[in-house]
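Naming follows writing order (A, B, C, D, E and F), and every chain is counted from residue 1.
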C-alpha cells in the first residue's frame, strides 16, 4: 500500500516542471507539499493520480489506491448534498455516507442543493467526498481554500483519523493546517530547463 | 541512480524510420525538394500545355474534355491525400514519430485544395454536360463529404493548443472518419444511382479514354502527384521548424 | 454504473427539463419548416420523412453539447477517471442516458409531428421503427464527438462540424427507411443496414470515445 | 495559337483559371509560411546560441 | 466599446475559428437536407429558399449559445456590469460581434450553398438581400435570448426554445422575399416588413436584453 | 467618496442572511470582514457592489466608485496576460497596465495565455485587474486564495499603496493578511430566521 516515487519528472504544457523527485509515503504517514505559486504541485498531484503520464521515472502504487481532490470539487449544483455524496459512494462501491456527513458537520445542509452553498460549505462537501472513496491514499490540492478556522480543524481531525486507520495523505497547501506531518518543499526539484525538455519537444531540440 | 543506467539505451533507428528524426528529415527534404519542385513544375507545364493546346475536341463533349486534365488528377490526389493522412496517423498512434503526425497536419490543407479543385472543375464541367452545376450524384456527394471531413480535421488541429494532444485527437478522428467515409460511400451509392463517369484509367481497354487524351492525362497526374509530394514535404518542414521554435522559446522563457 | 445512469437522468430532469428540451427543439424545427418552404401540403408530405429525420438529428446534436462539458467544467470527469469505473463503461452509460433523455422522447413524439407535416399514412410505422433503430447510433456517435472536443473552448460548434459527417450514413439509411415506408416500397435493405450500423457503432465507438477522452484529460 | 474552344470557352477557361489560381495561392501561402517559420527559427537559434 | 468588440473578435478567432464554424454548420445543414428528402433536383429547387433561410437561422442559433455563457461562467459579466460601460451598449456590441462572426459569413456563403440545392437563377440576388437585411435581427434577438437564459444550466436548449418563436416573423418575411425572388414575383412588401423588423429590433431589443441580464446577475 | 451603510439587510436565495449592518468606510481605511463559512460575506459584498438589491437599508456611495473582485476572476483563457489587462483597462477608460503588471510581478508571464497559468498565477492576474480599474473603493472576496507567502506580501503592499493614495478596501477573508486594519466580524449580524423572511416571500405571510 506504500506509494513510492522514483526519480520522477513531471511536465505541464510539454515542459518539465519538477524533476528528480524521490520519496515514499507509508501507511499512517502524511506529507505536506509546499512551494511557491507555479512550482508544479498541482502537476505532481495530477500525475500521481494517473491523470497524466510522467515524463520519466516510476510511480509504484497498488491499483485503485489513490483518491484525488482537485481545485474544483466535481459537485453538481442541481443535486442535494446527500445526493452528491450518494452518487460518489455508488461509484466507489461504498454504502455509508453518514460518517462523511458527520465528519464535516454537513447534516444541517443535507437536503440543500449544492449550488446554493457558500464557498466554504461547498469545499466541505468536496472534502467529505474523500472519506467516501474508501481509498487509502489521499491526494489533496489546497484543501482548505475558503474554509474558516472551525472547518480547518474539522479537516485536520478527519485527516488524523484517516492516518490513524492506516491511510496516507499527500497535501499541497500554502497555509498551516495544524497537522504534525513531514513537509516536502518542491522548490529544489524545479526542473533545470536547459537540461532537458518535455518528451514531446525534446525531439525538436 | 539515473534513468539512463536502468533503461536500456534504445537502438538507433535505421533505414526508413531514421527519417522520423526531425533533423534528419529536414536534411532529407532539403536535398530532394529542389528536384521535386522542378520535376513537378515540368510535368504540370508539359501536361497542361499538351492537354490544353494540342489535343482535339471530343466528338460529344466538345472542348470541355480539356477539363479532364485538372479534374481527374485533383480528384485522385484529394483521395490519396486523405489516405496518406490515414497512414501517417496510424504511424503516429503506433510508433509516435512526431514527423509523421506533422506530415498528416501538413497534408490536410493540400488535400482540401485538391478537393476544391476537383469540386470546382466538376461543377464547371457539369453545367454543359448535365445541364446543372451540381447534382447529387454519389461520386460528387462522397466528395463533398470528404471535403467536410477535411474541414473538421483541420478545425480540430486549429482548436487545440498542445501539439501532442492535437496529434492524438486528430489521429483518432482520422481513423474513425475513414471508416465512416467508406460507410458513407456505400450509403450514398445506395441512396442515389448516379450520372457520373466510370473509371477511365482502368486497364480494361474497352472503357478507356482514347490515347490522345490518355497520355497528356498521365503526365498531368504525375505532375499533381509530384506537386503534392513537394508541398507536403515543404510544409512538414515548416511545421517542424515551428515546433522547434516553440520548444526553444519555451526553454528561453523557462530560464528567465 | 447504475448510479451514474440515475444521476444523469436526475440531472437531466432537474436542470431545466432535459427531457422536454430536445423535444421542444424538434417541435420548433418541424414548425419552422412550413414557414420557410411554404404551406403546400403536397410538397410538405413529400419532404416530411426527411425533415423529421433531420429534425431529430439536429435535436440530438444540440443536446450533445453539454453531454460531457458540464462534467468537465466542474471536475467530475477527472474524478470519474480516477474512480474504479472503466471510462468505456462510463461513456456508454452517458450515451445511454443521452438516448433516454433525447432519443426516446423524439421517437415517441415523431408521429405527432408527422401530422404537422402531413406525413402519408403508411409512413408513421416506418418512421418510428427507423428512429428507434437509428437514434441510439446518433447518441453513441455524438458521445465520441463530445469526447473529442471536451477540453476545447467553443467546443459546441466544432463538435457539430466533426459529428455531422459521421451522422451521414445513419441519416441516409434512416430517412430512406422512412421515405420508402411512406411511399409503400420495400424497406428491408436500408433497415438491415441501419440496424447494422447501430450495432457496430454501439460495440466499437465507446472505445474510441474513451481514448479521446483520456487524451483530453491529460 | 489559342485553340478554338467553341461555345464551352467559358467553362474550360474558368476551370483552368480557378484551378491554377487555387494551386498558385496554395503554393504562395505555403512558401510564405515556410519563410516566416525559417526566419523565426533562425532568430531564436541565434539567441539561444548567444545565451549559451 | 471598441475594446469589447476587439476582444470578442479576437476570442472568436483564437478559440478555434469562430468565423468558420457557424458557416460550417450552415454548410452541413444544407448538405444533409438532400440526404433526408432525396436527391431530386426539382424538389430541392422548390424548397431551397426556405431551407437556406432555415439553415442560416439555425447556424445563428447554435452559435448564440456561448455569446454570453462564457463571459458568465468566468465572472466577466459581473465585472462588466460594475464597469463604466452601460450594459445596453455592451450587449449591442456583443450582438454586433456575433453578427460579424456569424451572420456576415453566412450572407457571403449563401449563394454557393444555393448551388447545392439548385436554387433557381433569379433567386440568388434576393436570397443575399434578404439575408443581409434579416441576419442582424437574428443576432440582436438572439442576444436577448442569451441574456434571458444566461444563468440557467443547460441554457443552450432552453434558449433555442425561447428564441425560435421570436425568430418566426423574421424567418417568414425573409424566406418570403427569397422565395418570391426565386419565382420571379414582386418582393417589395415582405422586403419592407423585413427591414422594418430589423430596424425596430436593433433600436429596442438591447434595452430588453440589459434588463434581463441585470435580473440574471442579481 | 466615503461609503456609508445604514441598517442594511442583505438576502441570498430569498432568505435574509445579514441584518442591521451599520458602518462606513473612509478614504485611506481598510476593513476586514470575518465570519464563519456561510455567514454571508459574499452576499454582502455582492450587494454593496450593486450586483443584487438589498432587502432593506441604505448604501450611500458615489457613482462608479466600487471595483469588485469575486471568487472567479473573469479571465479569458485564450487571451494573454497582457491582453486580459489591456481589455479591462480599455473598459475602465485607463491606459496604463504597467503599474499593475509590476505590482504583482507578472512581467515574466506577460505573453502567456491566461489558461496556462497555475492557480496562484491566475489569482495574481485577477488582483492586478483591481489596480487597473482606477476606482477608489475595492471589494475583495477572499483575495488570497491559493496565493503563496510572497504573493500575499505583494498583495498586502498593493493594498497599502492603494490606501495611501486615498483609496479604501473592504476585504472578506479567513486568513491573516498582515494588514493593519479594522476587523468587522459579521457573526453578530446574522439574521434571525424566524423573525422575518425574504422580501419576495413576505407578501405571502
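Note that a residue touches a chain if its C-beta (ideal position, glycine included) is under 8 Å from a C-beta of that chain, and two chains touch if they have at least 3 such contacts.
Everything numeric here is computed off the predicted structure, so don't read it as measured data.
Across all inter-chain contacts, the pair with the most C-beta pairs is C-E. Greatest centre-to-centre distance from chain B is found for F, with centres as Cα means.
Centres computed as Cα averages put chain A at a distance of 45 Å from chain E. A straight line joining the Cα centres of chain E and chain F is 37 Å long. Averaged Cα coordinates give chain B a centre that lies 32 Å from the centre of chain C.
Within chain B, the positions touching two or more other chains are listed as 145, 148, 151-152, 155, 159, 191, 244, 248, 251, 255. With touch defined as above, residues shared between interfaces to two or more other chains in chain C number as follows: 15, 73, 152-155, 158, 161, 164-165, 168, 172, 218. Among the residues of chain D, none is found touching two or more other chains. Residue ranges on chain B touching chain C, taken from their complex, read 145, 148-149, 151-152, 155-156, 159-160, 165, 168-169, 172-173, 175-177, 180-181, 183-184, 186-188, 190-191.
For chain B in complex with chain E, the residues that touch the partner chain are 123, 132-136, 141, 144-145, 148, 151-152, 155, 158-159, 191-192.
Put simply, chain B touches chain D in their complex at residues 48, 52-53, 57, 62-64, 66-67, 70-71, 74, 109-110, 113, 116-117, 120-121, 124-125, 127-128, 227, 231, 234-235, 237-238, 241-242, 244-245, 248-249, 251-252, 255. Within the complex formed with chain B, the residues of chain A that make contact are 7, 13-15, 56-57, 191, 193-194, 197-198, 200-205. Residue ranges on chain F touching chain E, taken from their complex, read 49-53, 64, 66-68, 70-79, 83, 86-88, 90-93, 129, 133.
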